[in-house]
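The structures considered in this document are given below.
There are two complexes below, and they share chain A, which is joined by chain B in the first and by chain C in the second.
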Partner chain A sequence: MLDKNLIVGVYDNEDNLMSTVGRLRKKGVEIFDCFTPYPVHNLDKEMGIKRSNLTVGAFICGSLGFLSGTLLQFYMMTNHLGTFKSWPMNIGGKPMDYLMLPSMMPVMFELTILFTAFGIGILFFIRSRMIHGKIAAILDPRQTQDRLLIAIEPGHLGISRDELNQILKEEGAIELRERKDGEQVVINV
Partner chain B sequence: MGHHYITEIKEEKFEFTTKSRIFVTAILVLGIILAVIGGIQVNSNAVDSTEEHAMAQVDHHEENAQDHSSGEVHEMHGEQSSHASNGTVRIWANLLMNAYYFMLFGMGAMFFWAVNYVANAGWSTMVKRVVEAISAYIIPGAILLLVILIAGGDHIYHWIQYQELGLVEGDPGFDKILNEKAWFLNKGWLYAGVGVITLAWIAFRFILRRFSLKEDEEADTKYFYKSVRYSAGFIAFFAFSISVFSWIVIMSIDAHWFSTIFSVYNFAVTFVTGLTVLAMFVLYLKSKGYMELVSDEVIHDIGKFMFAFSIFWGYIWLSQYLLIWYANLPEETIYFDARVNTGFEPMFLVNIFMCFVLPFLILMMRNAKRNPKVMILAGSIILIGHWLDMFLMVMPGTVGTSATIGMLEIGVTMAFAGLFIYVVLNALSKASLYPKNHPYLLESANHDVGV
Partner chain C sequence: MYEASIRKPLVTGNKTITDISDDICRPIENKPTKLWYLGFTISFIFLGIMGVSLAWTTWEGIGTWGVNKTIMWGWDITNFVFWVGIGHAGTLISAILLLFRQKWRMAINRSAEAMTIFAVMCAAIFPLFHMGRVWLGYWPLPLPNAFGSLWVNFNSPLLWDVFAISTYFSVSLLFWYLGLIPDIATVRDRATTKARKFWYGFFAMGWDGSARTWHRYEVVSLILAGVSTPLVLSVHTIVSFDFATSVIPGWHTTIFPPYFVAGAIFSGFGMVLTLLVIARSVLKLTDYITVEHLEAMTKVVMLTGSMVGLAYLTEFFIAQYSGVEYEQYAFLNRATGPYWWAYWTMMTCNLLAPQVFWFKWARTTPWFIFIMSIVVNIGMWFERFVIIVTSLHRDYLPSSWAMYSPTITEVGIFLGTMGLFFTCFFLFSKYLPVVNMSEMKSIVKSRE
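Coming up: the complex of A and B.
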């Protein structure tokens, strides 16, 4: 993101940011991203961000965990897979076949949780490209403090630059900036 | 403003029309008719089935005597079937089971009501009046339950007959376990205990409901804070009382058996069915054009609760089963022996599927919780599943292996369902559908689950 050319509008008020986003979206402007110091409710809906598929990933990870919990125990504790060789551990005098299913439940449950939790964590880091040692892409240090930023790519405008500047200003942007080749310039106050 | 905020809530009132009154009464009457026909049928066949039943009990008894040190423990089961005809027992067991089950709906709603106050939760305020209406059933429900306990207790609980004999050590048929439990398993606890507990619940409901209605007239937060205090008191009392309630009404049917998690298990049933009934009523009202301001977000959250507490039920169910299965102590396994190694086995498995596996899989997806049809489907599965759950708790210890689901069972359930729906809709029509002046009303109207 650091090498992208962006037009940045700076706000000090979430309502102004929200209305800007709504107006720009109506005009067909593609919004690159918004940066806010705290989560703004409904901003994602306003920006038209699609719901993440992370839950599908969580389901797949959970199913994998459930399967591995099941297979692991059938592999080790029973002879249904023809693998019952060296470590017949009889626990509590229970039959060593599928009838011991109740005692397998806790392990199945725990592995489902384990795979889901780790899987969804790792998938989240991959999806949001948060890799250890990556330089934080910060447009303005105050985006984590008291400023709300909207970023638009000049290539995906759909309207003229003048009109965009006009809208941003009308909706109460306190500053307009442009980032070109990694340099940030204030273009309008 | 890009997003539309609701800032004003129009007053809405549910009208319990004559047409729907007749319809609900028809369910009730049809249920009673079916129950009566079923009851007559059952009693006319009673001669054959009593013999069968006695045979089954003897087999059962012998089986248990082998792995139990004192064979006398189960003497009473056999005695019971000769004491009263099987048909009568079956009728009373059905009445008890349904009276208890529908009572749990009301208590689940009560708990949800109180827990939202204590947790300072705002999202559910829009459906609060529906919760209040569901809890209205505990008044007729408690009366019905008490009548059934007093009139039919001797047919249902074999320990009542035993305590009346007044045996002492050394007498033939003496039962040490029942004698030592006599301080709790007696008519005093059964009648007065259940009476006092239900009366206290009704008192809590009366107070909370009064605050809720007063808040409508007078815009003052003092009713909210008072409700919080009484809700906290209710939850503390509820935790203890629902345990005692479930022990004396349901667990004492198998008086020799005990399970320390039984009351938690019953609480799980209470809460999940209460929430499901809430979801069903809200969806019904929405389909009739009421409560349009209750957004998908609120229903989504109720769906999450149904999903979560179905899992909780499964967890508690397994906790109870697994420990008993592992330890393999005869006095504990007797309970599951009567449910797994008999004709109840298919029902036993279906119960797990309907109460845990199916709700878990159906309600897992986000869109399922936002789709009324899927929610109704999942809700029906949960309610029927827990009905089976009740059936499995009550029937093996009372009717025995000859218990089936016939016209009597369906009729009694329909009658109770008709009464329940009538009471709830009637209570719903008594006050405005949205609580006025509740401090969290707008928060609930603008509720957003975020995903």
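Coming up: the complex of A and C.
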């Protein structure tokens, strides 16, 4: 994102940002992204972001966890897992077959949770391209404090630049900027 | 924005979103106060006491403890259950209240989750050192026979506990860290020193507040809350299985899982109140953690306190009604035997004391809430002591009846874990934002 050319509108109010997004979308402008210091309710819907598929990933990871818990315990506690012989321990003559299923439940459950949580966590970091030590591509140091930003690619406008500037201004943008070749300049309209 | 007129604002003092960053980052960006140094030093001394006591236990063995053949779980499992219970409030606040869309959780979830993590760390110390040879602490892991230990026994609730507690710790840590990322990014972008820019930048993972990332972030938070909720219920259920699956009179009851979970939340909220009543005034956060928040928490304390109270009365009644002499004796012995003082401390602190919260004055007076929270902490510690020690000290065989009192080493370890807990909390309050800034920003009514 660091090398993209962008037009940036700076807001100090979420309602203004929301109405800008709504108006631009109606005009058919493709919004590159918005940057906000806090999750703005319904902004994702307004921008037309599709619901994330991470939930499917979570389900798959959870199922894997359940499977590992089941296989792990059947392997260690019984001789019933295929042709494997794991030399299970006879503990006080307690069942060493499927009859011990009830006592396997807690560990199956815990591993399901563990895999779901870490699975979705890791998938989230991959999908959002986040990793420790990554240099953040921020447009304004205040975008994580109290400023809300809208970014539009000049190539995907669909309306004239003047019209865009007009809309941003009308909807209460406190500043307009353009980033070209990594340099940001304030545009006076 | 929709404002319900019957509810008071969650943030007072007409804060703007700029004020939130300024107020909450202040302890991180300034030198700590004298009070912080004082508190940290005291906690650190206690941490040192833990180090010495644990070193002595490792060097000399479990003989340095007061546990004996009859009461093999004395202070040590009491403290283990006590600390695990403390942790539950954090997950209740951050996960269950998120699912119930309770917005008052936002001001306190960060610090409560931090407490969860520190409390579970304290808890883990006890069973680990009770094993006697702490350097073989990896033996409860499911390792093949060739590693020295034999296969672990999945029929044992103690092993379930290993899985439950370690899952609980790691998932809580992940949930906590995920919640911290946007706030770490805020600190990074405000940073004026190189070191702060580097370290907060490192842990912020390149967070830029993009709407797409926020969208996914909210999905992940919801899923994590969804899995943490059954997880937190399962953790104390499994802790209660350590007792309930045995055949010891006083332990062998089906009421244990719900009773333990309610007790855990009760004691956890006690500890959250103890810390937050102090922290909100020391860190000048009274506009964020308002009396409203304290009041909401005291209501939870009253509810869960009454639930454990009901459980005490139920188990006592059922024991008499069951017709099993051993059960009948176990409960009569708790109330009138040599440990009667522990039983009645528990009853007073957990069943009677929280009933004062029926009165509005009690729910809205911080100094009084602080005192009551200490009472709750004491009461819940005694609950575990009563369950463990009084049930064990009268065996089926009168020849093995015994008494238990802790040694200085055990006292040292327990006070030491307090030191560990508070040391971690002081460091947390210095280096990380104690209130979730990004969530608070989404609920302030007045904007710039």
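Just so we're on the same page, the second predicted complex is superposed on the first by the 179 of 189 C-alpha atoms of A that agree within 3 Å, B and C clash if a C-alpha of one lies under 4 Å from a C-alpha of the other, contacts with A are read in each partner's own complex, and residues count from 1 in each chain.
Keep this in mind: a residue touches a chain if its C-beta (ideal position, glycine included) is under 8 Å from a C-beta of that chain, and two chains touch if they have at least 3 such contacts.
What you see is a predicted model, and the numbers here were worked out from it, not measured in a lab.
By the touch criterion stated above, A:Met77 is placed in contact with chain C alone, chain B being left untouched. Once the two complexes are overlaid on the shared chain, A:Arg127 sits against chain C while remaining clear of chain B. In the superposition on chain A, A:Gly155 makes contact with neither chain B nor chain C. Of the two partner chains placed by the overlay, only chain B lies in contact with A:Ser19; chain C stays clear of it. Contact with both chain B and chain C is seen for A:His41 once the two complexes are overlaid on the shared chain. Of the two partner chains placed by the overlay, only chain C lies in contact with A:Thr116; chain B stays clear of it.
Which of chain B and chain C touches more residues of chain A is settled by the count: it is C. Applying the stated contact rule after C-alpha superposition, one finds that A:Gly182 touches neither chain B nor chain C.
On chain A, the patch touched by chain B and the patch touched by chain C overlap at residues 41, 51, 55, 94, 103, 106.
Residue ranges on chain C touching chain A, taken from their complex, read 16-18, 21, 142, 145, 150-155, 157, 159-160, 163-164, 167, 170-171, 174-175, 178, 181-182, 185-186, 188-190, 201-220, 223-224, 227-228, 230-231, 234, 238, 241, 437-439, 441-442, 447-448. Taken in their complex, chain B has these residues touching chain A: 1-3, 318, 321-322, 325-326, 328, 364, 366, 448, 450-451.
Those residues of chain A that touch chain C in the shared complex are 1, 12-14, 33-41, 43-44, 47, 49, 51-52, 54-55, 58, 62, 72-73, 76-77, 86-89, 91, 94, 100, 103-104, 106-107, 109-111, 113-114, 116-118, 120-121, 124-125, 127-138, 141-146. By the touch criterion given at the top, residues 15, 18-19, 21-23, 41-42, 45-46, 51, 55, 59, 92-94, 102-103, 105-106 of chain A touch chain B in their complex.
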